[in-house]
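Note that chain A is present in both complexes that follow, paired respectively with chain B and with chain C.
Now for the complex of A and B:
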């Protein structure tokens, strides 16, 4: 069982190779078999090591732990492993068909899973860089997979911006290596806690922190380096957008948690800075989402704003509030994948992306609409759905501070407004559309919708059992919860009717606002400079 | 060579990224940053008077250069060449679809469609 993490990385990679190379008729089913094998393996692995996660550490090839390739798991990484396995199941079932040309797609999909699982479980910094860069490369290929002009453009924008971010990450790793003489995360963490730094080395550590965070910010689409996300997620295939928004962006947030654990001994106070960055990300993301007309663009900008909410939670030393951020990562992964997959079905049936031109989905596709509504209720934070839980934990943690509370409230109203706008597609008479009956798509949507509801109701045992954190102070059976939600909905509805529906000039200006590649890089440099001033010089 | 010089190379790359308006030039700039990073790592791992880290019978007098940066940088070079190849391939595809590799022109053609 000790070497199960290696199997988790290499089963998808090898099955991807076999699927691509062997031209047999039923070779596509190998992906499902591999996925099932990995799920069983991960569950057995979790059962073996519950309670003593320190034993999961091992070094490949018996090298010195300071320089070798080492892997380790803890509840955090294993929960992400389970989340990735689940999301990949959904995407596999959703996109599954046995056409021969689907094999290339399956190859990249499974390969990405292996790389992503490696990123979650690795314990050495250089492998972290390798996996990050591999994720970037494969995601680029998946974005450009539609072979349309705009997807190639979005692909190269994504590739170049993320590569420059990941190279920043590498410079940070180099600085850490020459300060501590190792690339092992645990060893560096212990060395920082022991606090044996010569004068001047402290600056190197802080500079390394800034560079690592710069790379992570690009991957996690934080303000102001989020510009690649709507371009990429808006043009990719719906299943891929769901995977990218739901999970791959969270790779950056996962690294944010891991790196801050590693730097815990260095006494870097990150809370205020990343709270501000998170709040700006949330507000600006929601502002852009309100103005968009394209269904997938709306969802893509909402990914940015939800990442901002996650950051607002994670940027706290308080265990409860940070856990709210972590839980929101999982919840967002579930409902955003659900929304993207559902939107994919609607867009395909209507052959149209514009919210204004799609009408009557409720009558035409009742089953899909119900699942979409579950997703919308979750993302707007309705009681008894999963979005409510994590938002409430964050809200509970920050209610002492007035400004923080109101920022979250404004973001909630914005989210409600733009999903009221999106829910307009449900109304209207029945239309004749292409009838697409695909069982797999329905199953994927149903499983995601049910897991949203389950997490929204059974959150206390789940978080107690997995992370050992008590969240029983959050309850949906309170009239305040319904009152808050109703207020957000009513304000959102008024805002929609009075401003957004009329499409005034300001809204159009925001919609047409575009950040060119040079400007995105310039903003990235500016962001790094601000971080250097804040973390190193002050 | 002073390690600070490699920082100059890296900064030139980032300057280029935030000013050049052409996709090909942007790809070059990423490559320049990467060369700077590789040079930085090799430079810091260098030992004046040291020899290459190959196992021999006796320990050389001048000491041995740190082998880890060299091992890691080979991986970085491989990844870098992959990124460059993929980026140039996408450049060709973008050129076929839009007839130009200028970021601004591509954008104007997209909104004009």
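Now for the complex of A and C:
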């Protein structure tokens, strides 16, 4: 069982290679078999090590831990492993077909899974860099998979911006290696906690922190370096958009948690800075989302705003609030994948992406509509759905500070507005569409919708059992919860009717606002420079 | 214009801070990793070239995925350069008539030398500078020269890609053989106290396989680019 992480990394890689090489008719099913094997293995692994996660540590090749590469798991990484396995199951079931061309797609998809699982479980900074780089390249290919002009452009935009971010990460690693003589995360963490940092060393460590955070921010699509995300998600296939929004963006947030754990001893106060960044990300993401007309663009900008909300939670030392952010990562993964997959079905049936031109989905596709509505209720934070739980935890955590509370409230109203706008597609008479009867797509949507509801109601035992954190103070059976939600909905409806629907000039201006690659790089440099001034010089 | 000046200002800030932190680091430079590998690298891995020692033994896990980056890049290029419609209006970029005769003749002379040098670098990766990745790139360059000599040369990309993938699987298998012989993942499959000559068998084997994989991968990439140019 000790070597299960290696198996989790290499089972998908091997199956990807076999699927690519063998031209047999039923080879596609190998992906499902591999996925099932990994799921069983991960559950057994979790059962073996519950309670004593320190034992999961091992060094590949049996070398000194400070020289070789080590892997380690804890509740955090294992919960991400389970989330990844689940999301990949959904995407696999959703896209599953036995066409020969699909083999290439499966190859990249399964390889990405192995690499992503490696990124979650590694305990070595350079290993992390290799996995980040590999993730970037595979995601680029998946974005450009349709081979249309705009998907190439989005792919290259993604590749270049993320590579510059990952290079910053690399320079940060080099600085840390110079200072500590090792790149083992645990060893560096212990060295920092032991308080061996001398005044001179502090400069280098803080600078390394800034560089690592710069790379992570690009990956996690924080303000102002989120510009790649709407471009990429707008053109990629719906299943890939779901996977990217739901999970791969979360890779950056996972590293954010991990790196802040590592730098805990260096006494860097990151809470205020990243709270502000998170709030800006949330507000600006929602602002752009309100103005969009394309269904997938709306969802993509909402990914940005939800990442901002996660950041608003994570940027607290208080355990409860940070846990709210962490829980929102999981909830967002579920409902955003659901929304993207559902939107994919609708877009394919209507052969149209414009919200204004799609009508009558409720009558035409009742089953899909119900699942989409579940997703919308979750993302807007309706009681008894999973989005409500994490947003409430964050809300409780920041209640003391008035301005923080109001920012979250404004973001909630914006989210409500934009999903009221999107819910127009359900109304209207029945239309004749292409009949697409694919069992796999229905199953994937159903599972995701059910897990949204389950997590929204059984959150107390789940967070208690997995993370040992008591969240029983959050309850949906309170009139305040319904009151808050109703207020957000009503204000959102008013805002939609009074402003957004009339499409004034300001809205058009924001919609047409495009950040070129050049400007994105300026913004990135500006972001790094501000971080340097804030974290190193002050 | 203003943008450019702002950018220069930002870069100046970054460089200044980098410079300041580098000044401090010179006194605080922690040499643990360097000393450890210099002291026990040869004894542990049997490789006189310490870069190879790190690449193929201490951190073999990384190298597997670095080879994976090339693998993915190759598959991606192949997928993206595959068109349903044959486009014939573009001229073949290495037009035979435009290549000077002197260049062709000289290429014929250099080609075998380059190939031999590439193989030398691959095989001696554990005693002298070089190794699978570098030697593979040299071999691939030698094959690229072949296109100058014979511009009409046809290559079966599908076959090369298949061989490349099989080689990658073989590399993974050889790398994980140590779990059977020693109970440890991704290291030399000979025992830790084996003589340096014995350990060299493993190093040469892995270097040759990585070299071939890299050479085939690069060959595929530029063949795909040439086809795009045609």
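Here, the second predicted complex is superposed on the first by the 538 of 538 C-alpha atoms of A that agree within 3 Å, B and C clash if a C-alpha of one lies under 4 Å from a C-alpha of the other, contacts with A are read in each partner's own complex, and residues count from 1 in each chain.
Rule of thumb we're sticking to: a residue touches a chain if its C-beta (ideal position, glycine included) is under 8 Å from a C-beta of that chain, and two chains touch if they have at least 3 such contacts.
Just so you know, these numbers come straight off a predicted model, no measurement behind them.
Chemist: Of the two partner chains, chain B (first) and chain C (second), which one does A:100 touch, if any: first, second, both, or neither?
Modeler: In the superposition, A:100 contacts neither chain B nor chain C.
Chemist: Could you tell me if A:144 is touching chain B, chain C, both of them or neither one (first, second, both, neither)?
Modeler: both
Chemist: Touch test for A:153: chain B only (first), chain C only (second), both, or neither?
Modeler: The first partner, chain B, only.
Chemist: With the two complexes superposed on chain A, say which partner A:60 touches: chain B (first), chain C (second), both, or neither.
Modeler: After superposition on chain A, A:60 lies in contact with chain C alone.
Chemist: Once the shared chain is lined up, is A:517 touching chain B (first), chain C (second), both, or neither of them?
Modeler: First partner only, chain B.
Chemist: Just checking: does A:163 make contact with chain B only, chain C only, both, or neither of them? Give me first, second, both or neither.
Modeler: The answer is first: A:163 touches chain B but not chain C.
Chemist: Which of the two partners, first being chain B and second being chain C, lies in contact with A:131: first, second, both, or neither?
Modeler: Touch partner of A:131: chain C, not chain B.
Chemist: See if chain A has more residues touched by chain B or by chain C, and give me that chain.
Modeler: The larger set of chain A residues in touch belongs to C.
Chemist: Return first, second, both or neither, reflecting whether A:178 touches chain B, chain C, both chains, or no partner chain.
Modeler: A:178 sits against chain B and chain C alike.
Chemist: Determine, under the contact definition given at the top, whether A:457 touches first (chain B), second (chain C), both, or neither.
Modeler: neither
Chemist: Overlap the chain B and chain C contact sets on chain A and report the shared residues.
Modeler: 67, 126, 130, 133-134, 137, 140-141, 144, 147, 152, 177-178, 518-519, 522, 525
Chemist: Report the residues of chain A in contact with chain C in the complex, numbered from low to high.
Modeler: Residues of chain A touching chain C: 3, 6, 10, 13-14, 17, 20-21, 60-64, 66-69, 104, 107-108, 111, 115, 118, 126-127, 130-131, 133-134, 137-138, 140-141, 144-145, 147, 152, 175, 177-182, 198, 200-201, 203-204, 207, 518-519, 522, 525-526, 528-529, 532-533, 536-537.
Chemist: Contact residues on chain B for chain A in the complex?
Modeler: Interface residues on chain B, with respect to chain A: 10, 14, 17-21, 23, 26-27, 30, 33-34, 37, 40-41, 44, 68-69, 72, 75-76, 79, 82-83, 86-87, 90-91, 93-94, 97-98, 103-104, 106-107, 110-111.
Chemist: Under the stated contact criterion, what part of chain C meets chain A in this complex?
Modeler: Against chain A, chain C makes touches at 3, 6-7, 10-11, 13-14, 17-18, 20-22, 24-25, 27-34, 36-37, 44, 57-62, 65-66, 68-69, 72-73, 75-76, 79-80, 162, 165-166, 168-169, 172, 176, 178-179, 182, 184-187.
Chemist: Enumerate the contact residues on chain A facing chain B in the complex.
Modeler: Going by the criterion above, the answer is residues 67, 126, 129-130, 133-134, 136-137, 140-141, 144, 147-150, 152-153, 155-156, 159-160, 163-164, 167, 170-171, 174, 177-178, 183, 512, 514, 516-519, 521-522, 524-525.
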